[in-house]
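Reading through the structure tokens given below for one structure.
Chain lettering (A, B, C and D) follows the sequence in which the chains are written, and residue indices restart at 1 in each chain.
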Amino acid sequence: MIIVLKQGVTDEQIQHVIDHVEGLGFQAHLSRGTYRTIIGVIGDEERLRSEPLSAIPGVASVIPVLPPFKLVSREAHPEETVVDVSGVPVGGGYLAMVAGPCAVESLDQMRRIAEGVKEAGANILRGGAYKPRTSPYSFQGLGKEGLEILRQVGDEFGMPVVTEVTDPRLVEEVSQYADMLQVGARNMQNFVLLKEVGQVDHPVLLKRGMSATVNDWLMSAEYIASKGNSRIVLCERGVRGFDPAMRNLYDVAAVPAAKLLTHLPVIVDPSHATGRPDLIPPCAMAGLAAGADGVHVEVHDQPESAKSDGAQALRPHEYRELMRRLESLAALLHKQIPRPVERA
Amino acid sequence: MIIVLKQGVTDEQIQHVIDHVEGLGFQAHLSRGTYRTIIGVIGDEERLRSEPLSAIPGVASVIPVLPPFKLVSREAHPEETVVDVSGVPVGGGYLAMVAGPCAVESLDQMRRIAEGVKEAGANILRGGAYKPRTSPYSFQGLGKEGLEILRQVGDEFGMPVVTEVTDPRLVEEVSQYADMLQVGARNMQNFVLLKEVGQVDHPVLLKRGMSATVNDWLMSAEYIASKGNSRIVLCERGVRGFDPAMRNLYDVAAVPAAKLLTHLPVIVDPSHATGRPDLIPPCAMAGLAAGADGVHVEVHDQPESAKSDGAQALRPHEYRELMRRLESLAALLHKQIPRPVERA
Amino acid sequence: MIIVLKQGVTDEQIQHVIDHVEGLGFQAHLSRGTYRTIIGVIGDEERLRSEPLSAIPGVASVIPVLPPFKLVSREAHPEETVVDVSGVPVGGGYLAMVAGPCAVESLDQMRRIAEGVKEAGANILRGGAYKPRTSPYSFQGLGKEGLEILRQVGDEFGMPVVTEVTDPRLVEEVSQYADMLQVGARNMQNFVLLKEVGQVDHPVLLKRGMSATVNDWLMSAEYIASKGNSRIVLCERGVRGFDPAMRNLYDVAAVPAAKLLTHLPVIVDPSHATGRPDLIPPCAMAGLAAGADGVHVEVHDQPESAKSDGAQALRPHEYRELMRRLESLAALLHKQIPRPVERA
Amino acid sequence: MIIVLKQGVTDEQIQHVIDHVEGLGFQAHLSRGTYRTIIGVIGDEERLRSEPLSAIPGVASVIPVLPPFKLVSREAHPEETVVDVSGVPVGGGYLAMVAGPCAVESLDQMRRIAEGVKEAGANILRGGAYKPRTSPYSFQGLGKEGLEILRQVGDEFGMPVVTEVTDPRLVEEVSQYADMLQVGARNMQNFVLLKEVGQVDHPVLLKRGMSATVNDWLMSAEYIASKGNSRIVLCERGVRGFDPAMRNLYDVAAVPAAKLLTHLPVIVDPSHATGRPDLIPPCAMAGLAAGADGVHVEVHDQPESAKSDGAQALRPHEYRELMRRLESLAALLHKQIPRPVERA
């Protein structure tokens, strides 16, 4: 931590800062420059971080030196973590290919789509049962019935399933049905929910919030990890941008930026990032090329009558074409797309 | 709803769109332009909104014409709503002056600060008991003990109290202590929480999310209202910006923009919007001048040792000076700052 | 300047950094922390700034301590500068009320509008002769004829005139007609143009670029000042935002933020910031309340047939009403709105 | 163009809008919905665009249907344009690999770097002679001497050269030395400069502005094309973002989004987009994978002592490694990296 003092700070003020810092049990290291004086603070930055040092008179700014997370950091754990999703490894050279409809609508719908995406090469099936919708008047998901359908279809096709949990009271229920729990972008800083998913043993798919920095995102992962669950897969899905041509601004550079800081796998979701089927394939390819550990795509066989976000879904045959391209790119990058384990 | 068709759309595709729209029970109104063909869709736009029309082949884009909220809209309810916060009216010419520390730390701390802000003219006391902190290692609030202190001090000083609720399971508990429930920026689209606060009878202070459009924000208010609770006060607190000079980008124009669309009161929070004590007074003044129905300010008497966000708090004497300026501006604008009702 | 070294930096690398810094003529001040080592660099930060220190192996980041501008900074010149615009003082308690159409269209149009805005209380007349338009097919301004009309009407009504200059080759020509030169938002980092307006003796109205930080903006003012012209008035006119409800995001907090850093006057332009006549009056009020030294508003008497940006113009009677409100706010704030000097 | 009328619009107002539109020579097509009335306007949208229709009483909003550019649009010209840069084709399956230092510093420096990047596979050499720097006190480039060095080194190594032009008065001079003219991000809406480069016969590298939408960017290309020069290569180089971890926010989705709208080639510049050497390789790969027609990278052999932007430059051996990866990706995508033509 570095404390930069204001121009014209008095000696008394400097001494007050030093006393304050030392009173907290840290060492202060004074350095007078030509124009400004700075104080280096030596000790456990973690603990220091929560002290409101910039409120002290004479202090111009306080500059942290260490990243604020530790369990999820590369510094603490240099090798890449491989997260096991009921037999499908993710990270460390293994790619998650997550596909399925935005919302579970019916058993038939899920079966048709699961068949299509599995044939195409997907290894994890997605489908929303509890949907966080911007409007209270939109379809909110089938709830528990949706979970049952998802589980049943996952079992029929031998695919692990991921679904979003939005309510801390339902983490246990959702965990009974799903192999992996998704925390959505709008809940990335719903710390109550993060703590709850930190207490189950399921892998968690943590989407990046729409205005979250890479640091914010990793801090949310740290929340989960701090409760004991380190089986976390991060997912970049676009941040808020200014161009109405796209739903969000796909921040592909956040993938390598995050992977340099954390040992956790990072996948991309070009469906939500762009909201446009014509941009999903190029953005999926870009994600893999940037080093992502997988691709999450929404697929629907009847987008015209989908109950949620149909307009941004790929059709199964489009997904199949995309998977052919992703497979060849994966081979070039020496990455593997594992097949789900057959369960007897 | 207006459907714009792609250039080169075929007559068959046009007919398919018309059939689809009419099959849903709407009227379609075709209009062939020089370069583009459009279809006006007539009927209940609310219902139409959830149909994925842009997934239909030949459709270039779908343009809604009506705003997506209704209970909270000015169109539905032209007069300004006055929200009663245990005797303090907010809106319709009455200004909420909300002040207090970021977090409740102790009974003494709350008493000292409450005394200072009440004398200065504040009419609602704030203090956090359950704190949503970016880091799992930061102080998370005193919890229930914090609620008890806040209630006791509110009673001692005759001020209604507002505190944040972050967990749907605690809405009932928090409601037993607080006069007003705050939904924080990070939870603005925590729809599970919104539905829960929509089912109590307490007024709700709904902060704007960091990347929420005015429409998104009003949709979140609509969530609460749709569950039966229309006692909502909106609060602008800055959106994510690109300039590191300020914590957030204070969107003062959102105040009149929101007030043109909704009958609900809208207040401003320059403390979170700027994160800088030196910018809080000018931004508070700007908020009132732009038409805000109140100002929310964090005040701490010992910012240097505050357990949360001390660096952005005003000291009581600074708050007093600010209130003098706000009072004279309120008088100029013909607005009143009500005093809390003495309760025997 | 503070150099933060990477974790695991070697002693050799540290020595290399120190040698490098000292080789440039600076002092290096080493400070080893628990987790990180930092080097304080002491000397002329200005000169150091252009050195690519972060490219040196082992360096994690380089943190400047001083703001990068000096001629325009408060530190160099603590009192507020008053810029004289042909007899109208701006800054230091004097408010510029700039009004007029987006573009000069004809002598009659300018006369009608000048009459309206002068009666309403404006003290500087604006009108564009060379228009920077997003489309090459839009009206590009009357050019020299526009300058002649503007000058003539300014003289008839005894108002100084401001107009935009977009071409370094025309700075001299425009200076012959205008009292004040405007550098538009799109040209805020057109350094060639900045250097050119820095060499004339006219006051300059420097609009903030759409994605400029406050520092970037002040650096552009520094460009002008570094060429010898310090008669600069800054103008906040909105930055790029994500909400389609408004044309730009009005950054009212940038006004006090800039004024804390610079001695130059800062005015606001709610017309371009919001693009909506219904938001201009509240945002103009907000600007003054936040400490702005004036308000720039586009006014047109026939917005329906304006050749440029008619949709965002106030009508003269709306401007008159706004001026009544601004005058009463100015009185409250102890600011004066000077009248233009009558010239015989 | 679609005109949406306000709720409660009167019949008189509707008639006034229709009369206005028809008075301009367009057809008006009225459509009364359940809640809103709309008017479709039929005719040359280009001409209509500059009419301030939204200023007419009763008009809620005006929605354009056609994109505002034509010469550069795919609709006007469906096949991809191949831009010839002195023998190096760009676009239509041919990839531009542009590399070189930020600034030309000396003949020796340019020779060493040119040798390195040519061996690595670059086909166009870059180097700045006139540098647009944020600070007036930073190195501003060698000017004409820089142009001479760049030309000489380009000739020695048989590579076409690109350099930035920032001053409309120097377009002719720069054209005498360079094979391709760069218009930088800060000048993307310097329309005076765009018109000037539209009048020479050299290919133009048009960087995207930091807050430009894809439409804005293509409109700037349209400016150049409208003056007669259609030899334009677009370059995505990051937009302003909120995360201090990266210099800009690399908008890789803008590449396919732009290519769907225009026939012009689009390349990427991960050096400026990220400002971090560790992110350049993954982002370069992502750009190609997303469909870019080339990659622009800054390379310096002594970044520690570079006079401009050294911290974001790759070293020659890092560029060589990156080129190996880009070549294998290009092969997978069936794209070619042409070698510069040897000129006798």
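Observations
Keep this in mind: contacts are C-beta pairs under 8 Å (C-beta built on N, C-alpha and C of every residue); 3 or more make two chains touch, one makes a residue touch a chain.
Nothing here was measured: the structure is a model prediction, and the numbers come from that model.
The chains that touch chain A as well as chain B are C, D.
Contact tally for C-D versus A-C: the pair with more C-beta pairs in contact is C-D.
One inter-chain figure worth recording: chain A and chain C are separated by 39 Å, centre to centre, where each centre is the mean of the chain's CA atoms.
Centre-to-centre, using mean CA coordinates, chain A is 31 Å away from chain D.
Put simply, the C-alpha centre of chain C and that of chain D have 26 angstrom between them. Residue positions of chain D with contacts to 2 or more other chains are 211, 239-242, 244.
The residues of chain B lying in touch with chain A in their complex are 20, 46, 49-50, 52-56, 68-69, 132-139, 166-169, 186-187, 189-192, 195, 209-211, 216, 219, 222-223, 226-227, 239-240, 303-311, 313. Chain C contributes residues 211, 213-215, 239, 241-246, 249-257, 260, 270, 273-274, 276, 278-279, 282-283, 285-291, 328-329, 332 to its touches with chain B in the complex. Those residues of chain B lying in contact with chain D across their complex are 2, 4, 7, 29, 31-36, 38, 40-45, 63, 65-66, 75, 240-242, 244.
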